[in-house]
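Same chain, two partners: chain A is paired with chain B first, then with chain C.
== the complex of A and B ==
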């Protein structure tokens, strides 16, 4: 009597077909997905550098100092650094928000996971009579899979 | 009363020892007379065995009468709850086929051991069903192996092939996998009937039915069968089922022995749409696998590092824009280079030169520093030094912007006009900059190549109509004008 069901050959062919379709599809997802992560990190690093550069323009000239590598972590940044506190939407200290596990848990986890840090490479030239210029290299570093990434932004800050 | 009962027992034993059809046996008349004479007393006294009750039913009621069917049904309902004795079966065989069919077949629908006992009794009584009836009996409830074997005795030997063919045909259109399985198994049993006699099923003393098996209630099926003969079971069975479902309140309170049971509608829905459900299940599984797998693939699994690892300076970084490798040496060279740029903002070429050369000492192939060294040396009239530095920059990147322009100026400073022309042309090939074109045209004009200069100006004027490109006056004309003044 003829039995219904699948033969071994049919199963092998079906699995081969599924794998043939599945793996390239997954690679496509993988490539696209990783590109999304990289772009997000790149954009974030640029926005961090821009935020630092804007702060440099308004902060006292003598306060612009070298921050050597490996730099300062953005999460748990100490008070007085560029990211401690992160923002304050109120007029009082009650509205201060720091990048800590308590205040901003998701943002904190993201920064800690990728180890986002900033460094400043400062060169100071004095031309006499109070005419000074600082060249500041803003270096944002982070870890992406097995790579150490860096985004650089250079700004010139003259004495005001 | 006691004597009458004793007399009844005695005559019954004698009747069962006799041969032939019951009504033709000598003792039958005596028994009948006894029952008719003492019927109320006999019936009021209890303690009758199943065999005696059956005999009373036969003696008291007329053949094929509804009263007999009703009486027999009650007796059989009681008998099917226990193991029937051989005496009872012998007497049962004496019943007419019609009486047996009407009283016994409804019991066969019972989904519990009562149904099994009824099939066994039917098999022992050598009852036979019409071939088309088997399909509906098999669909009526779940059948154990013993039941199916006993049911096979209800097929007339000469109708086995007919029944098999009908079941095979029915299986093709049957949606329920359970029914298909029952058809298949029954056919197999019919073809390979190994048992010579019916098998006694496991009979439970209690009357608890297997709850919720897709089967019959006690009240409706006998009623249906009372009206229609066995041969018409096929037409009635389908219409009976909804009625049975309406009578469902008679469900036993006893715990379900079969464990978790699903509503029959749900089971039927799943069975009839099995392919669709399989496809949905497969697709869902694949989707879940794919989403999990892709999630794992696309997740940027940057490991959470310890504090020591997090603060460790790597040997190099990857530039997020250019994807070039950056080392600490590059960063140090960049710092000197940027500082040199600061001096250039105040045209302090000598100080800037020192810093650019410092950058080159750290990183000899720093192309911007090489270019700036050439620029500074050109401005401090060190044409040879400028040329060397700029040519090094060109070796690293032949398309580095303005390097050829500076080399052209160096050549002019060294009075090498042909070389200057060559570098001007190379620069213009790289960048169609109107200001460089104007500088080159002025150079050509100074070499008395006014036509070439005008052609060049015309060409770039056409390219940049919004710009006004005018050749500067020749030095001689300037001098004449100054003398006249």
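== the complex of A and C ==
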């Protein structure tokens, strides 16, 4: 009598093979997920750069100075930087809060995980008649799985 | 009797034994468990990704809406720097808009949403916008950080995404 149909062993091997092929194919979803994380970080870096650019508008012209690479970390930022102190819900300086593990734990963890930092590249341009502008390059750097990332924005600040 | 024994000897066995079924089921259950767990993890991951993407988009839209109005505002009424010149934050911002209306963006903690209303210059009740500006907002902080009260910092957290903006009042 001739055997017909599949044996159990054949079916099990077939399923195992199908699963082995199927799982790597499904990894494309996690690749899409990584793209979302990347976009979030770029978007955040842009907003950080915009924040610095807006604050440059109200800074005394002579206080706009070079901040060389590797720059200043946003978490635990020193006082007097663009990110320290960060907020204050009270009516005096006694209530100042900073981006620290104690004051802003979730935000701090996010900044620390990616090591977000800012640097400024400042060039003076003089027009000879006393007018001057500063060309400021704002560099935001961070790390994604050991890959160095950067976003930059240029702004021009006049003396007036 | 002799014929029955002969039949038993010559008949070929077919089908699968109980042991084979059990071994097969065990292997399939093992593979199914791994795949099922993987699917569950992927589903969680996808949900998280969608939340981050939604949060990011929501932050962009909210920032844009508020910044457009704040940028051209005449003056910020609240929050302003403290008397000792320290920064001052709050979950609402009140300002006089370009057209002279007093506008307020505020955080409704119980509904986790940001709303906008127009406060009349004279007597009368505030006019609330029918729809919130943003939903599922974990926190928002408006900070006055410039002694001329020309700069408002905005910090937002929506679904695990963070937004950090500053608005310089051009008309001040």
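Following the convention adopted for this analysis, the second predicted complex is superposed on the first by the 132 of 160 C-alpha atoms of A that agree within 3 Å, B and C clash if a C-alpha of one lies under 4 Å from a C-alpha of the other, contacts with A are read in each partner's own complex, and residues count from 1 in each chain.
Definition applied: a residue touches a chain if its C-beta (ideal position, glycine included) is under 8 Å from a C-beta of that chain, and two chains touch if they have at least 3 such contacts.
Remember, predicted model here, so these are calculated numbers, not experimental data.
When both complexes are overlaid on chain A, the residue A:149 reaches chain B alone and has no touch with chain C. Applying the stated contact rule after C-alpha superposition, one finds that A:19 touches chain C and leaves chain B untouched. By the touch criterion stated above, A:72 is placed in contact with neither chain B nor chain C. Using the contact criterion defined above for the overlaid structures, shared-chain residue A:32 touches chain B and also reaches chain C.
Residue contacts after overlaying the shared chain place A:93 against chain C, while chain B stays out of touching range. Of the two partner chains, chain C is the only one that A:8 touches; chain B does not reach it. Once both structures are placed on chain A, chain A residues 22, 26, 29-30, 32-33, 36-37 are touched by chain B and, in the other complex, by chain C.
Interface residues of chain A, counted against chain B in their complex, comprise 18, 22, 25-27, 29-30, 32-34, 36-38, 41-42, 45, 69-70, 73, 112-115, 121, 123, 125, 127, 133, 135, 137, 139, 141, 143-145, 147-152, 154, 156. Considering their complex, residues 286, 290, 293-294, 297-302, 304-305, 310-314, 316-321, 326, 328, 331, 334-336, 338-339, 341-343, 345-346, 348 of chain B touch chain A. Contact residues on chain C toward chain A in their complex (touch as defined above): 12, 14, 16, 20-21, 23-24, 27-28, 31, 34-35, 38, 42, 45-46, 48-49, 52-53, 56, 59-60, 63, 82-90, 141, 143, 145-146, 148, 150-151, 153, 155, 157, 161-168. Considering their complex, residues 1, 3, 8, 11-12, 15-16, 19, 22-23, 26, 29-30, 32-33, 36-37, 39-40, 43-44, 47-48, 50-52, 54-55, 57-58, 85-93, 96, 106-107, 110 of chain A touch chain C.
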